[in-house]
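Each structure below appears as structure tokens.
Two complexes, one shared chain (chain A), two partners (chain B, chain C).
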Partner chain A sequence: MSPDYTGLFQALRPETSLLFGALVALGLDLSLFRRHTSGERLNLALWIGALAVLAAGAHVWFGPHGPIFGGVLILDPLAVATRLGVLALTLLTLGVATAARTPRNPAEYVAIILFATTGFMLMAAAQQLLLAFLALELASLSLYVLAGFDKTRPESAEAALKYFLFGGMAAAFLLFGFSLIYGLTGSIELLEIARQLTLQGLSPLLVVALVMVLVAFGFKAAAAPFHLWAPDVYEGAPTPSAAFIASASKLAGFTLFARLLWPGLRAAAGNVSTLHGAPGWLPAVAVISAVSLLLGNFAALAQTNVRRLLAYSAIAHAGALLLGVIAAGRSGPAPFFFYAATYGLATVGAFGVLAVVERTGSCQKITDLAGLHRRSPLLAGCLAIFMLSLAGIPPLAGFFGKFTVFAAALQLGGLAGPAGWLAFLAIALSALALYYYLIVLKQALVAPPTANASRIVVPTLARFTLMAAAGLIVLFGVAPSLLLDLF
Partner chain B sequence: MSPLQVCLLFSSALFCIGLVGALSRSNAILVLLGIELMLNAANLNFIAFWRYSPAPAVGTGVLFVIFSIAVAAAEAAVGLALVIAIYRHQKNIRLQEANRLKG
Partner chain C sequence: MTLPSAHPYAFLALFALVAIAFPLLLLAVAQLWFRFFQPPKPSATKNDVYECGVAPTGDSWIQFKAHYYLYAILFLIFDVEVLFLLPFAVTFTTLPAGALVAMLVFILLLAEGLVWAWHRGHLEWK
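Take a look at the complex of A and B:
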């Protein structure tokens, strides 16, 4: 079979336009706009970035589908939906960046966001271990830099270093796991690996490989017990970076690992529908999911810092998303994709509100949000939509995300097995989660503002971004089929 | 013991040494070294599996290693840059003192 470079080029046009946008932003910033103020340079870079993202979106929408380049990339409905979701979340992140403090090197900041997006796009479509590893590393290395981008604050550097050290270890685990899978099957193509593993069954070496891959997966998803980096990064990183790490990175990571686990390692899945099911990676994922749900929800109760609260709630959401990955074998990827995408929207929005509030002073403690309804009714309203969606209140999108995931998990074997019990645990803990989201909303909507608090002026682009995110959450909550019809 | 088993034992030992080093050291650069050891253990695995596979003519394992060495280099570059960033603030690279964020 001769390699089909034309097809590859056609399929990679979205990535090409992202990289082109990044290079144009860097080039213009270094040449024509060198003497402008950093605010103007940031605006220029953000507009170029937004154009590149929109062009990439058009290329994804009208681009080719099916296996590309002999199956190295697969552009199935999940890949296309994830790519569009990642691009939308990137666009919202760029909008959040207009409100945040201007970084010292604005064009570099936007360019690295675009590089990370390129990594996410490839993660969404990779069907081969080498490409999956390279895409994951491209995205991760960009995210480490984004987390440490604010050189004036020691917290940012510390968050980035912690993120990097944990991430580097996870990458080593992933590579070691991949090497064992390659050794067992003699191939790095997921479909060939799946064929070989069906013949071989579960061997001790495969168990080691699975453990290693799951450790890396747990890190990327910020699932307990591999979550240690998440609260520190959410707290220390610049606000747009934190929004990006919490949303687009989650969506792409879950898509990559669902693809790796379900079509690739399906033969070693095991069973969690009944109590005495076969061993495999499903029971291990179920344990990680249960631990994440418990630890995330209970630790979030104790937080006084709103970003750490969002981080622990992200760990809890990772637990619920893992439940969606477990159910994906039977119900397809639509439930967990819907959950991850709407969760990403709500998180970007919440961080966007924090970024705007930060313009008037620090916004770390929950009490810093006190009296937000007086200081800016728009921000308070948007924050209410985002938080209630995270909590899963109908008619917002978060409710339908939880509903589809839990329904899919209950279909696996009803209450006869761990999957059903896990769904029940998740439902019970959702009630707990409502409590800590309402603590934040109580400060924002009920508590009076502090004496020296001034009115917050929301910049036009940030206002547009927040209203777009809130509007999408309401829209997908009322008409979830808009997203589900992509499958 | 077959040569492949020797290689796998060696790479597993290397991986464990790297992991213990990465988890126990307090100097950020030594943690970085531990991570590099772990990555190289995985590279060794790829080479061994490729060399003793039924079809060594297909260069999959070697290609994977070439790419992963490049990734490890990029990772070291980013890692050292972050170490410098933390050094600028606390004038040393001891990880125990990087504890502003907690809760």
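Take a look at the complex of A and C:
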């Protein structure tokens, strides 16, 4: 059978658009726009990037479906939904970048965001270990650079180094785990691996491979106890980079994780629905989920830095998302996808607000947001929507995300097994989470502004971005079927 | 002699044991040799900078220019490119036209990287 290159090129049109956009942005910046100010160069690059993202979105929407290139890529509803979600979050990140401080090399900044997006797009569709690893590394390497882009600031350099060291370690674990899986099954295709594992059952070597893969994904998803890089990266990275790392990479990462675990390693899943479950990766994921929920929520209570608070809340959300991955075996990927997509929207929005506030001075402490309702009612209103959505208040999208994930987890076996208890724990901790989100909102909506605080002028594009994110959150909260109908 | 009853993973434990014992043994031998046959007698000649037999000139603590790492990276990119091109060239006649397009895209991406580095002035030795 000769490989179907035409089909491959057609399926990879979105990725091609993104790469083309990145190369055009770099090329124009080097040639025609060399003498322009860095602000103008940033604007040009951002517009080219936005066009490339929109073109990629059209290609995803109208593009082919089903297995591509002999099953190396799979364009099923989950892949298409994740690709669209990643593109939307990238577009919002580019919008946030219009408000943030201009980076030293604007065209390179946008180009690397587009490269990372290409990686996410491939992660969303990869159905083969090698491609999955390459896509993950393309995305990760770009994210390390984005975290350290403001390299003259020590915090940014520190964030990049920590992220790189932890990420490199995780990549090594992942590759080791993949190589063991390949050794056991003789294949790198997920469907073939699944077939082989059904015949073999749970061997000691497979347990080692599963542990390696879970550790690696724990690092990448910032799930406790592999979360140590997250607070420093969120704190030190340039604001648009932090928004990107917190949103699009989470969505693509969890899609890849769920695809690897459920169709690929389903035979080694085990059982957590009943009291006396079976061994497999499900119990391990359940433990990681519980630790993330507990550690993320309790550590967030003690934070005085708003970015570190968002980081610990991200760890807690990773725990809830892992619960969604556990439930995906029975309910399909729709619940955790909805959760991850709406979580990404709210996080990009929250970092967008921080980026705009940062234009008038530092915005690290929670008290830096004091009196935001006087300084800019629009920012305060948007921040309220994002924070309340993260906390899971109806009618915002965060509520419905939590609802679908917890409902799916409870359907696994009610309160008869660890999955149900985990859902119960997550519900209880959501109440706790509301407290620290309200601490932020109290500063923004109630506390008076400090004496020397001035009004904040929100740039047009940033205003449009924030309103789009807030609007989408309200829309998906009121009409969740808009997203769920993609499946 | 065979070990019919050994656990299939027993060799891993044995391997780990040998892997830990071997370096410890060598270190112990080195320590004993130092203790009994090699008392420390430093002298000006012994403490000199090592320079392949010729008389040393200057200090060994000099600054190297780290700039060459960019050349190393660029070289590495094209080195790896050759690695991919070689199997491609060997089976070239049996491949469809799409494979050629895919390879051209790959090479163009690398070339764009070189052009970028050139234009940014990273190839000038400062």
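The working rule: the second predicted complex is superposed on the first by the 487 of 487 C-alpha atoms of A that agree within 3 Å, B and C clash if a C-alpha of one lies under 4 Å from a C-alpha of the other, contacts with A are read in each partner's own complex, and residues count from 1 in each chain.
Rule of thumb we're sticking to: a contact is a pair of C-beta atoms (placed from the backbone, for glycine too) under 8 Å apart; a residue touches a chain by one contact, two chains touch by 3 or more.
Only a predicted model underlies this, so the values are computations on that prediction, with no experimental measurement involved.
In the superposed model, A:30 lies in contact with chain C only, and not with chain B. Residue contacts after overlaying the shared chain place A:3 against chain C, while chain B stays out of touching range. In the superposition on chain A, A:56 contacts neither chain B nor chain C.
Of the two partner chains placed by the overlay, neither chain B nor chain C lies in contact with A:251. Applying the stated contact rule after C-alpha superposition, one finds that A:183 touches chain B and leaves chain C untouched. Of the two partner chains, chain C is the only one that A:19 touches; chain B does not reach it. Once the two complexes are overlaid on the shared chain, A:157 sits against chain B while remaining clear of chain C.
Considering which of chain B and chain C touches more of chain A, the answer is B. On chain B, the positions that touch chain A within their shared complex are 15, 18-19, 22, 28, 31-32, 35, 38-39, 41-43, 45-46, 48-49, 53-55, 60-61, 63-64, 67-68, 71, 74-75, 78-79, 81-83, 85-86, 88-90, 95, 98, 100-103. Residue ranges on chain C touching chain A, taken from their complex, read 9, 96-99, 101-102, 109, 112, 115-116, 119-120. Chain A meets chain B in the complex at residues 129-130, 133-134, 137, 141, 144-145, 148, 151, 154-155, 157-162, 164-165, 168-169, 171-173, 175-176, 178-180, 182-183, 186-188, 231-232, 235-236, 303-305, 308.
By the touch criterion stated above, chain A contacts chain C in their complex at residues 2-3, 5-6, 8-9, 19, 23, 26-27, 30, 204.
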